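Attaching a single structure in structure tokens format; questions to follow.
By written order: A, B, C, D and E. Residues from 1 in each chain.
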Amino acid sequence: MSDHKIGVYVCHCGSNINGVVNCAKVTEEIGKIGEVVVAKDYKYMCSDPGQEMIKNDIKEKGLDRVVIAACSPRMHEPTFRRALEGAGLNGYLLEMANIREHVSWVTKDKEEATKKALSLVKGAVKRVKLHEPIEEREVPVTNTTLVLGGGISGIQAALQVAEAGHKVYLIEQKQYIGGNMAKFDKTFPTLDCAACILTPKMVDVGQSPNIELYTSSEVIKVDGYVGNFTVTVREKPRYINHDKCTGCGDCASACIMKNRIPHEFDEGLSKRSAAYIPFPQAVPLKAVIDDGNCLFLTRKKCTLACVKACGAKAINFNQHETIHEFKVGSIILATGFDLFDAKRAPQYGYGRYANVINGLQFERMTNASGPTSGHITLADGTEPKSVAVIHCVGSRDENYNKYCSRVCCMSSVKFAHLVKDHCDAEVYEFYIDMRTFGKGYEEFYNRVQEEGVHFVRGKGAEVAQIDGRLVVIAEDTLLGQYREIPVDMVILNTALEPRVDAEKVAQTLGISRSGDGFFMESHIKLDPVTTTTDGIYLAGCCQSPKDIPDSVAQGSAAAAQSLAIIATGKVKISPISASIDSEQCAGCRICIGLCTYRAIKLNEETLRAEINEAVCKGCGTCAAGCPSGAIRVSHFNDDQLLAQIEGVLA
Amino acid sequence: MFKDFTSEIMSYPGGEKITACMQCGTCTGSCPTSHAMQYTPRRLISLIRANQRDTVLQSLDIWKCASCYSCTTRCPRGIKFTDIMYILKNLAWKEQSKMENKNIAGFYNAFQGLIEKRGRMNEAELIMKYSFQTNPVKLLEFAPLGMKMLLKGRAAFSAPSVRNQVQLQKIMKLAQERGGE
Amino acid sequence: MSDNFEPKILGILCNWCSYAGADLAGTSRLKYPANIRIVKVMCSGRVEPTLILKAFQEGADGVLISGCHPGDCHYVDGNIKTLRRTPLVARLLTQIGIEPERFKQVWVSASEGEKFGKIVEQMVEDIKKVGPYQKKMGDQLDVVMHEVAASAKEAAAAEEKGGSNCGS
Amino acid sequence: MVAYQYYPGCSLHASARDYDESVRGVLGHLAIKLEEVPDWNCCGATITPSLNQLQSQILPARNLALAAENRGDLVVPCNACYMSLKKVQHNMVKYKEIREGVIDIFSQAGLSLTGMPEVRHLLEMIMEDVGLAKVKEMVTKPLKDLKIVSYSGCQLVRPLGFDDPEDPQALDQLMEALGAKVLPFSQKSHCCGSSLMTTQPELAFKMVDSILEEAKKVGAEMVVVTCPMCQLNLDAYQGQINNKFNRTGQLPIIYFTQLMGLAMGLSKSQLGIQRGIVSSNKALEKIV
Amino acid sequence: MAPKLQLAIYWAAACGGCDVAILDTDEKILNIAEAADIVLWPIAMDFKYEDIYKMEPGSIDVCLFNGAIRTSEQEELAKALRARSKFMIAFGACAAWGGIPSLANLTNREGIFNTVYKETATTINEEDIRPDTNYPGPEGELHLPRIYDRVWSLDQVVDVDYYVPGCPPTPETIWTAILAIVTGNLPPKGTVIGGTKSLCDTCEREKTEKKITQFKRPFEIIADPKKCLLEQGLVCCGPVTRDGCGHRCTNNNMPCRGCYGPSEKVSDQGAKLLNAIASIMDVKDEKSAQELAATWEDPAGTVYRFSLAKSLIYDYKKGGE
């Protein structure tokens, strides 16, 4: 085999690497290896001058292989591949040695770190000799997009893609879009009414020709890859014919289960019937029959008062679930959050004392179309004289969620203002740190302070009932005193948590989740909207708790990502795939069952296995299982791996 | 021999997470006797971290802990504050020559004396020893309750003890010396 | 066991979860022993015993295989194949004389940087107890015998003496 | 005949004789044999840990060393003893310093800690091993409409207890199984003041007062307890507390094993019920 | 007439089966005798060491060397014959890959001596006498070969030209080898005389879906002669073994044991086979994977029955790096 001309570049990454690894020594040692014609170390390889240096060496010195010892390939391998291609060398004739995340950042002893870095570079050099040029595979992009989750960030993403002239399938688990925001009354910091700013967007979604809205639906299967996903969706029956239903609500008032079923939308503060309209501004403004509580659907015996009451004859009990299959180019996840169940912290008395409610329940109370039509009332109907708001219930807590849920401080200040506004009660806010991070937030906090709200710097430790009155027990840490403050109502601002089905959704889409259970982004700082799976993007609280402005911004960002690949019309996909040498394949069929994408088929005439390289994703499981060694995975074949192992252990 | 009071506390089992405290006051809010404390649990932690060793060890508040572990359970940072209170009492007991509150000192001395010698406890005997150590008039205060307990057969006058007193006294002495270094 | 024995461990990590987990340990600046050398594969399903035996042939003292937790695999169930292979691979290695401490197969997700560091720490500690891996090249005496009888010259010399001693 | 090792603790031989009588009565009735740990010593409760940490580990550890290997779990009726025994096991696993200290000292005194039994509170054993179904089966005289609140106390559930630290359910379920009416009670696992009752009574009185007042307010006729310390603090000072906080009415404080005994047909004297300072005769008229 | 082929046949750590196999060529043995002078055949003709050392280098045209290298004598003879032969052929599984003797590599010399000279119930050996390389006998100092710590294949000790696979090689394989030599059209150096693909290629058994729910040993079931043996839970080494043996075993309803060695592209027969079989175990969680794996009696012994010496962790040149 003719000798290769290998260029090795050791990056200092400022002091990130060179602070621990002696880059000069590694460069010097590696230079001694045969076929290494260029060995240089430089402060920032990923910078323009760094990349220029590589390009020049390729051109002038005729390098045919390049090794870059720097950060993780997951970070800059695409950058350096483009650099090689810029100099006319195939991007896959490159191997990166991860001497930052896997060496300098995790090793104290400099001498050991240098030794470890050198062995990784040796492995890379031995491996790169066996690299073969691989052409990037480009695939056409279907110009449709699937948005999972109809909350504010899902709506924003859907509208933006639709307005750009492309088809969107918006899949929403509940019977209506608007998500948690639809439940709010006012929003901070401007006290805009949530309905006023959200409803127009919901209506746009309902009327947009490019958006196909599927409510009561969930994704059950995702196949394919970026640009060519096939998404299977199960739509649960609503038992209402959408075309006929006018949303008049007669069925709801006729239903014999009227005011007997806790209404989820009102967080249990009101009761509804089995056939009902979710809420007045719901989109779609259509009735739905709750098959968990409708007497006819559960026990087959009911007077069917609703059918009689429905002028439009829209009720149809033999609707059944339908399965849809959508071909889409990309998927945007905007599934939102669930609230921490305060029952898990019994010391706050949620579910035991009447007037202890959580944030969403308070939102419903203050909402004009809510159960109390906007009046803040106690269980006995009277107005509270004093209200407490407790921050960080289930957040910033080792026993529940370690993270800060980011929005509760501002929503608590908003609650305090609303209480002052509606019923001029004394308001006590128990906080640890007042986090007013957004535009106009500090000013809003300042204004509410001046409205005479008592801000007690100390986490509410317990809510007791003494002589029939609720008492919030906490330490006023600025006074250094234990205090028991009697109030009529307590609002617990509970943590924002991942959806209860987040694990199932992550597995269905093949993405991973970070330690706190939210979906994991490619890079927490530089790439918060994409995931490591090309073509699947994140928006809103499903990635981590955030306020409405950030959710909307991420909705737009995710839409931009989808529109980008639609605009280019084609997208590069990982060219790594397996191939079978039919000369060596004995047709033993062991590999066929190993491929979950069914990319391997037996050719009936030749009785040899064959791989459809378009479908193959390059995992290599079949290659490891083939007893004849007939299957080779490009860029990860046996010789390359064995050579690298030999190198790193030298 | 320690850099500061914080690292001293952290060197003892149970004290390791004290630097994680965010001064949120949940411990004070959960403590059933903090209403009577000049230095609340949260404040004790900030005093420790401010290296004010004498203020902490001489304060009476550390002896008001009923050891109900409510602060340990609810602490959002996972600090075992009940164990820290024990550490503070150990240090105070070892170093403070005089203890203002006779009641506390007398009771602990009486209890420890019985345990180290006989390994078992009899409440009546404890109360008597405690009263003699503090002030005999206390016996009169306890007398009515003592009588009721006697009538109900809930007072025994035997001097309960483990059989192997030698072994018990040896291990307690070894623990004392070892703990004392 | 000489106390300054530093075991050489080969780590084969799957790109999507464990390699990302090791990256997270880096970005979080967690410190763990420098004994491990990491090789990346696209999926833990790509790993086969040939790679493991090659590592020991090259003198590794331990091999760590790490993939996504079952259910999280980027290729749906590549790691299920790993899960099937591990018990048999472990038994094979033990049968051919490789101590159990030298081979570990674990699941590390992209968010478990700390766990990865601890696994490496524990493995280094376990292998130090077992000592360096002895390459299966027969004991030194066999080599000596080989030199003695090796050179053709030697055999010829035996000839002049009219009869070989076939063996020292 | 199921057998358990038994660690009574100092008070069950003196101030809590009634608890001891009811434990032996009920468990005998349930055909459960108790083998007392030979030559057990005091667990040090909350006093020794305040003076010397290592001594506070040595005392409970000695009991674990004396308890025989594989002769069944170690059942403990008192919350404070249960917590100190569990805590030393936990500490010896978690803290090298304590593990080595105890083992080193024990080696010089002929004590060995191999084969320590699992430590379980009496209530935990009844709920998990005996089980509610068996208890219901054994009930001959259900405590019909006897209104009670269940008070688990703090160290049964914290820091290493077997039930929910804030809102324990076990005692409620057991009492319902006996037919009693369990009233909602928010201070189930609040503290009774333990040894503060002797050294700083004014603190303990306030804690006991808030417990008794809530019990009276919800209409309880008795408070059911699982620990001799809690029983003594709640039962013995009601007079003084009523004077100090000018409260009226007194509530009998009864062990859960005493109510179990009554429901299973044992006599009041067998269960030492008359030993309660605040008499429970009036409340129990309906039953026995 | 062209000078007759000088043929040497030697046997090292072997069972003699390969020598007998040469006779199995039935009447063709006559053609062999006609075409070649057998200058050395210890099983058939007496010889002394001097006879070998007298031969000139290259005087042997072909040396059919069967048996693995276990002792110093075998190593010395292998080297001596190599020095004197134009073509050195590793004849049979033992010479080629260590064969069944190399299963001894699962232990070492000390382990073997303990078993043989100490632990077996019937052995009484108070003074713990063990074999040694020299013995002061009445006739004077006696020298015995040293038993090495492990078993080596022939090519790990000397340079080998061709490999004749099989245990023993089939008459057809032997005849193909002899013919190639006699006629002089020799394949490239290092060729294994046999097919290049695995047995499955030419196996007529019906293959459906590869799924293992239970491992079975040959005596535990009567296999369906029509269906693939591996799919019936028998560990058949066919998928990883080179064809050329004419399916002697599978045609007699017994699973292949891998004696023809790994197929062309496989570097470690045992490792490849184990991984292939494990991959098709029909389990989805760790517990059932452990349980099913435990029902396979002796994985190493099955997958490395004939090639343990050439497993990667044993594959070194003797004495060299």
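The rule we apply is simple: contacts are C-beta pairs under 8 Å (C-beta built on N, C-alpha and C of every residue); 3 or more make two chains touch, one makes a residue touch a chain.
The shown structure was predicted, so the numbers you read here are calculated from the model rather than taken from an experiment.
S.K.: Return the chains shared as contacts by subunit B and subunit D, ordered by label.
M.R.: Chains that touch both subunit B and subunit D, as defined above, are A.
S.K.: Can you name the chain that lies farthest from subunit E, using the mean of each chain's Cα atoms as its centre?
M.R.: For subunit E, the chain whose C-alpha mean is farthest off is B.
S.K.: Centroid of subunit B to centroid of subunit C, CA atoms only: how many Å?
M.R.: Comparing mean C-alpha positions, subunit C is 54 Å from subunit B.
S.K.: With chain centres taken as the means of their Cα atoms, state the distance from subunit A to subunit D in Å.
M.R.: The separation of the two C-alpha centroids amounts to 49 Å.
S.K.: Report, in whole Å, the distance between the mean C-alpha point of subunit C and the mean C-alpha point of subunit E.
M.R.: Here subunit C and subunit E have centroids separated by 27 Å.
S.K.: Where in subunit E do residues touch two or more of the other chains?
M.R.: 267, 272, 275, 279
S.K.: Scan subunit D for residues touching two or more other chains and write them down.
M.R.: Counting only residues that touch two or more other chains, subunit D contributes 166.
S.K.: Mind pulling the residue numbers of subunit C that touch at least two other chains?
M.R.: 48, 50, 54, 81
S.K.: Every touching chain pair, please?
M.R.: Every pair of chains in contact is listed here: A-B, A-C, A-D, A-E, B-D, C-E.
S.K.: Show me the residue ranges of subunit C that touch subunit A in the complex, using the header's touch definition.
M.R.: Those residues of subunit C that touch subunit A are 8, 10, 15-17, 19-20, 22-23, 25-27, 29-32, 34, 37-43, 45-48, 50-51, 54-55, 58-60, 68, 71-78, 81, 109-112, 117.
S.K.: Where on subunit A is subunit B touching in the complex?
M.R.: Going through subunit A, the ones touching subunit B are 347, 392, 396-399, 432-433, 457-462, 473-477, 480-482.
S.K.: Of all residues in subunit C, which touch subunit E in the complex?
M.R.: 48-50, 52-54, 56-57, 70, 80-81, 83-89, 91-92, 95-98, 135-139, 141-143, 145-147, 149-150, 152, 155-156, 158-159, 162-168
S.K.: Over in the complex, which subunit A residues touch subunit C? Could you list them?
M.R.: Subunit A residues touching subunit C: 72-74, 98, 100-103, 105-109, 112-113, 115-116, 119-120, 123, 506-507, 510, 512-515, 520, 532-533, 576, 594, 596-597, 617-621, 623-625, 633, 636, 638, 641-642, 644-646, 648-650.
S.K.: How about subunit D: which of its residues touch subunit B in the complex?
M.R.: Listed in rising order, the residues are 10-11, 13-18, 39-42, 44, 46-59, 62, 91, 94-95, 97-98, 101, 104-106, 108-111, 154-155, 158-159, 165-166, 190-191, 193-196, 198-200, 202-204, 206-207, 236-237, 274-277.
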